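For reference, the structures are reproduced in the following blocks.
Shared chain: chain A. Partners: chain B in the first complex, chain C in the second.
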Partner chain A sequence: MKKSIGERIKRTEDPRLLTGQALFVDDVNIPNMLHAAFLRSDYAHAYLRSVDVSEARARPGVVAVFTAEDMGDDWQPGPPLVSPPPTVEDITFYSRRQVPLAKDKVRHVGEPIAVVIAESRYIAEDAVEDILVDLDPLEVVSDIETALDPNAPLVHDDLDSNLAAHMIQSKGDYQAAKATAEVVISRKIEIDRGAAAAMENRGIVADWDSKSQHLTVWDTTQAPIPIRNGLAARLGLSESQVRVIAPFIGGAFGPKMMMFYPEEMRIPWISIQLGRAIKWIEDRRENFYATTQERRQVHEAEMLLTREGKILGVSHTFLHDSGAYDPYGLTIPLNTESHAMGAYAVPNYFSDLTVVFTNKILTTPIRGAGRPQGIFVVERLLDLAAKELEMDPVEIRKLNFIPPDAFPYEQQIIDQAFSPLIFDSGDYQPVMEKAAGMIGYDQFVKEEQPRLRAEDKHVGIGIVPFVETTGVGPYEGARITIEASGKINVATGVGTQGQGHFTAFAQVVAEQLGVDVKDVNLVTGDTAQFHWGTGTFASRGAVVAANAIHASALIVREKVLKLASKLLEAPEEELELEDGYVRVADIPHLSISLGDLAAEANPLRGAVEPGTEPGLEATAYFGPKYGAIAFGVHAMIIEVDPETMMVEIKRYVVVEDCGTVINPLILEGQIHGGVAMGIGNAYYEQLIYDENAQLLNASLADYLIPTANEVPRIEIGHFETRSPLNPLGTKGVGEAGTIPVPALFAQAIENAFPDHDLEILEMPLSPNRLFELLQEKESEK
Partner chain B sequence: MKIEGEYMFDGTREQVWDVVRDPEVLATALPGTQSLEQVSENEYQGEMHVRIGPVAGLFSGLLVISDEVPPESLTMTVEGKGKPGFVKGTGSVQLISQEANKTLMQYQGDMQIGGRLASVGQRMMESVSKSLLKQGLDSLNQALLARQASQTTGEQVEYKPPSESEFAASVAKDMAGEVFSSRRVIWIAGAIVIIIIIILAAILTR
Partner chain C sequence: MSDLYQLSITVNDTEYQRAIEPRILLSDFLRHDLDLTGTHVGCEHGVCGACTVLFDGHPIRSCLMFAVQADGHHIQTVEGLGSPDNLHVIQKAFWDAHGVQCGFCTPGILMTLVPFLENNPDPDEAAIRQAISGNLCRCTGYQNIAEAVKLAAESMRT
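Moving on to the complex of A and B:
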């Protein structure tokens, strides 16, 4: 059988994407379509006294204006995206969900207050300026560290405080371990907010056809099926009356998994009200304060070790910023908890999590989703311990890795899905050694670095391992059909946002059916084609969706073999599938094409045998027992310019173990993108809020995204430990590139300034901030 | 945003006080002011056109003067709202007599901004506000000098406040000064500004 999985195949979707032949939401234009623009709050926290839309309604070209009042009983807070945590002991959780249009009160800058529907977007935007809003400003909850002060203003008036959630998790006996620990490292560690900043902003086109009583919605969502189900429920329609299409999407990175955005529920509702198609495309400024953000957390963290450098325990008491509402539950901070032990055997663990409401834009997962924070905490503490113990950073890590014979390794805490956290498989030491070897760690530290330092160059090296929980359930599914033309049609529920699904999933099918990947047509993200599934998130496409596709490909293969065996009068064991034909192995001319076989399976006359199904088609599902744990090591060599504090990355190495690799080329692309995002998280991208929770850099002129100049050439090595949790043996990799980069920057920058005793305990950094930190150290000298 | 500074006026404390408390003069000194009406003894309502970098628009607002100790000190509270966002600020002003009939004004204030003004205009906010303040105080001083001249000659000396475009040109010049430190660049920027003013003047007088 010809191998397809593991082949370095160029992405088959790229010619369409690169030549402008791919459909994006904004490409959808329907005759008589109207356009929407939203009026958003300028205040982070204010009572909404009145909204006067009379002038806006009178503007020529305006068809309708809606406020919360105009929605009547249809005004309801959005459904929770993730079911609220189960009421188990020691968990406090207050669910407060985003509202469709603000009523009574606005709780963050950018919260929508009214929506104008007009003949064109120009008219709609002008009419937004006609609206008179009376907002009565309130004191603002601008940061998590003061949110729980007794006299802090309340984001939600019906709650006693701004506490959104509290939860404690522990393993072993941390306090007892502390009594015996020889080394205790305690630090306050802070991480701030950033944006996902996808190339394509959000957008929705909704088209209600009153004659067919059918709603079609094109949406830049990562989760078309749940969106369809939620829309049907909220709009009082049958699920069969709603079709949601997530066409090509220009990047998502998590925030497009948020359900439902106020606009996402509003636009279809208005389409039904008016019986017209409505388009809303988010502009870049809206994207900064209407699309979710992430990462603000403050940790009081501690690590216990022996003199030999063996970790005895990790603890952290931390605050997580949920923004004004918490529809996404505890996913992000629970991910942080799952990663704060890193790839290490940590016998005692204690984590005390407090989630608070603030008057800021809501937070939901962004590529990494709480994992970079956890890895930053554990890797920083370990670096500081290594310094104190005068140990080599590589050695102290090797000493503490979970050993390969300890898998499956039970962490004795629960993960983001409230299931026990279990590390399924891995072999960490060889990956670390491979990365150290590729970057030439020893040689650099012993020879090159001293030589360059003698030339007054601020060169540093960093090497940081990380784990990634990937491929969580509940399930995905796929339907595979062999058509009479010989082409294979595959439909799956996950949406696609640039991951290369069309190629990678086709390879999984080609592997079983012996066809060229070009003959596999994939349909993703269209509920009319496949309507069971959850979405594209948590690095699970290549794990959950690919295994569902694999499962249905196996069934179709069985059907092919059975029918071919009958027609070719040869036993199934002697048949092989290759180049679109089923052949008898030893007699190549005795063969039938898959297309002919499909036609035979769907006869126009005669009778299909009882108990069989027509056609060569199968639908199958896959749901893993629990998530697969990927592992990797990033290493880099940098040079810092002491005048400008710009960091130049001289070399960047990634060694990744994500189990079976379906397509190395696509895998490498994922890593490249992830690293670029991580570099932004570490040194360029920070959302700056003032003390009134006003976002001060809501434009790409002020919010810096790394460009080709800041992203180095990345050298990638592979290592493979198959996941035992799924037939393909895959582990996810979508977020991997981003996770360790902040910790890596911190280590490498400290290493570049050996005389300053620098301690980097915050992210993101920036050239300015590094300058300040160095100045502080200078003045201490 | 904190604002702090001082300015030397060419007049006595009483004269400066009178100018500051005269809404008509004050209106001319606040660049872009379209109207400023006294609504009660210490309250003024007005409209002002503001441009901060790419953000521009009309603000309507309320100016309240409190804690008055004539002719020594007062507190000003400004609350403005407009399409590009909102401004809310409080400032205290002290007048201190100096030699040779001069008066030193010291001011400290705190300003909150929101909306597009904050999210997009922030980068230019500080330098633009400083510059606007300096231009405004210069105009007040010009008004003060004009009054003194009228008093000595007994004739009405016309004080012509700078137009909005002149303000804009001055702000641009001030900002150029901040951005480019080299003298030559300032000279070039200055020349460009002068050329722009000439062109504007030509258009306006046509």
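Moving on to the complex of A and C:
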């Protein structure tokens, strides 16, 4: 059988994308379509006293203006977006969901107050300026560290404080371990907010057809099926009356998963009210104020070790910034906890999590989703321990890795899916050694670095391993049909935002059915084609969806063999599927094409035997017992310019173990992009808020996304330990590139300034901030 | 509402006459009046480069220009470059080198590169990265874009 899985196959979707022929949401054009623009709050926290839209309504070209009052009983907070938190002991969780249009009070800058519907977007924006709004500003909860002060203003007036959630997780007996520890490293570690900043902003087009009583919605969502189900429920429609299409999406990285944004609920509702198609496309400014963000946490962290460098325990008491609402539950901080023990055997763990409300846009997962914070905490503590113990950073890590014979390794805490956190498989040491070898770690430290330092060059090296929880449930599904043309049609529910699903999933089908990937037509993200599933998130496409497709392909293969065996009068075990034909092995002229076989399976006359189904088609599902744990090591050599504090990355190495690789070309692209975002998170991308919770750098001119000049060439090595949890043996990789980069930057920058005793305990850095940190150390000298 | 302005513009070798408001951005005119939606809009403040088109052969940000400013001029968009069945050599190179992921920034990068490669038939990595440094891409990390440009340059030389 010809191999398809593991081949570097070019993406089948590219010719359309390269020629401007691929449909994105803003490309949808419906006759008589109207356009929406939102009036948003300029204040982070204020009472909404009145909204006067009379002048806006009178403007020529304006069709309607809606405020919260105009929605009547249809005004209700959005649904929770993930299941409520688990009933672990002594958990506190206050659910406060975002509202469709602000009523009584605004809780963050950018919260929508009114929406104008007009003949053009230009007119709609003019009319937004016509609206008179009376906002009565309140004291602002601008940061998590002051949010729980007794005199702090309240984001939600009906709560006693800004506490959103509190929860403790532990393993072993941390306090007992501390009594015996020979080395204790304690530090405060801070991570600030950043943006996903997909190149395409959000957008939605809703088209209610009153004659057919049918709603069609094009949405920049990662999760079209939950959106369809939720819209139907909220709008009082049957699910069969609502079709949600996630066409080509211009990058997502998490925030497009966050279903039921205020706009996402409002635009379809207005389409039904007016009986017209409505388009709303977010602009970049709105993207900074109204699309979810992530990463702000403050940890009081501690690591216990023996004098030999063996980890005895990790603890962290930490604050997590939820923003103004918390519909996404505890996903992000639970991910942080799942990664705060890193890839290491940590016998004792204690975590005390406090989530607080602030007057900022809410936080939901962004590529990495709490994992970079956990890895930053554990890797920083380990680096500081290595310094104190005068140990080599590579050696102290090798000493503490979970050994290969310990898998499945139970972490004894719960993960983001509220399931026990179990590391399914891995072999960490050889991956570390491979990365150290590729970057020439020993040779650089022993020979090159001393030579370059003698020339006054600030060169540093870093090497950081990381784990990634991937491929969580609950499930995905797929339907595969062999058509009479011989083409294979595959429908699955996940959305696609550039991950190459059309090709990688086709390879999984081609592997079983012996066809060319060009003959596999894949449909993703259209609820009219497939309407069971959850979505694209948590690095789960190649694990959960691909295994559902694999399961369907196996059933179709069985059907093919059974029918062909009958028609060719040959036993199934002598049949081969190749090049779109079923052949009797060794008798090439005895064959039938898959297309002819599909026609035979769907006869127009005669009788289909009882108990059988027509056609060569199958639908199957896959739900993993728990997530598959990927592993990797990043290493880099940098040179810092002591005048400008710019970091030049001389070499960057990634060794990745994500189990079975479906398409190395696509995998490498995922890693390149992930690292680029990680570099932004580490050294360029910080959302700067002032004391009034006003965002000061809400433009791409001020919020710096790495360009081609900041991102280096990335050398990639592979290692493969198959996951035992799914038939393909895959582990996810979508977020992997991003996760260890801040920890790697911290280690390498400290290494570049050996005379300064620098401690980097915050992310993101910037050239300015590094300059300040070095100045502080200079003045201490 | 402003008065309408008579616009005569050549886009991808086709001449169009339209009466439009003077405030309509060139990017919106191309996308919504001419239905040439291959030109994407990512920031509307001239930073991301997704809306780059050729103005009399020079790459410009179509979100920073009014359509009326293009009166009497020649515009080329990604639709004028090649078709799925007949890709331009640069498009083909992007396909071969996996220089595309979500594809949103891609049309702007392609239009930036057309004149760059005409003027720089054999660019090195640093020159390529400098050439695309005004185009933001969030998916690819730029490495395979750089590979694609080298591949395209090689094909164009032979």
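Keep this in mind: the second predicted complex is superposed on the first by the 780 of 781 C-alpha atoms of A that agree within 3 Å, B and C clash if a C-alpha of one lies under 4 Å from a C-alpha of the other, contacts with A are read in each partner's own complex, and residues count from 1 in each chain.
Going forward, a contact is a pair of C-beta atoms (placed from the backbone, for glycine too) under 8 Å apart; a residue touches a chain by one contact, two chains touch by 3 or more.
No experiment lies behind these values; they were computed from the predicted model shown.
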Overlaying on chain A: chain B and chain C, fit or clash? fit
Applying the document's definition of touch, where does A:699 land relative to chain B and chain C: first, second, both, or neither? both
Classify the contacts of A:197 with the two partner chains as first (chain B alone), second (chain C alone), both, or neither. second
Between chain B and chain C, point out the one touching more chain A residues. C
Tell me the contact category for A:43 with respect to chain B and chain C: first, second, both or neither. first
Look at A:672 in the shared chain and tell me whether it touches chain B only, chain C only, both, or neither; answer first, second, both or neither. second
First (chain B), second (chain C), both or neither: which does A:288 touch? first
By the touch definition at the top of the document, which applies to A:567: first (chain B), second (chain C), both, or neither? neither
Based on the superposed arrangement, let me know which partner A:159 touches: chain B (first), chain C (second), both, or neither? neither
Taking the superposition on A as described, I'd like to know which of chain B and chain C A:714 touches: first, second, both or neither. second
Taking every C-alpha pair between chain B and chain C in the superposed model, the minimum, in Å, is 10
Quick check on my understanding: which residues of chain A belong to both its chain B contact set and its chain C contact set? 699, 701
Any idea which chain C residues touch chain A in the complex? 1, 21, 23-24, 31-32, 35-45, 47-48, 50, 77-79, 81-85, 87, 91, 94-96, 98, 100-107, 110, 125, 128-130, 132-146
Per the touch rule, the chain A residues reaching chain B in their complex are 42-44, 109, 129, 137, 285, 288-289, 690, 692, 694-699, 701-702
Listed in rising order, chain A residues that touch chain C in their complex are 10-11, 13-22, 24, 26-27, 29, 60-61, 122-123, 197-201, 248-251, 253, 283-284, 497-500, 665-666, 668-669, 671-677, 699-701, 705, 707-709, 711, 713-714, 737
Chain B - residues contacting chain A, complex: 83, 85-86, 88, 112-116, 118-120, 122-123
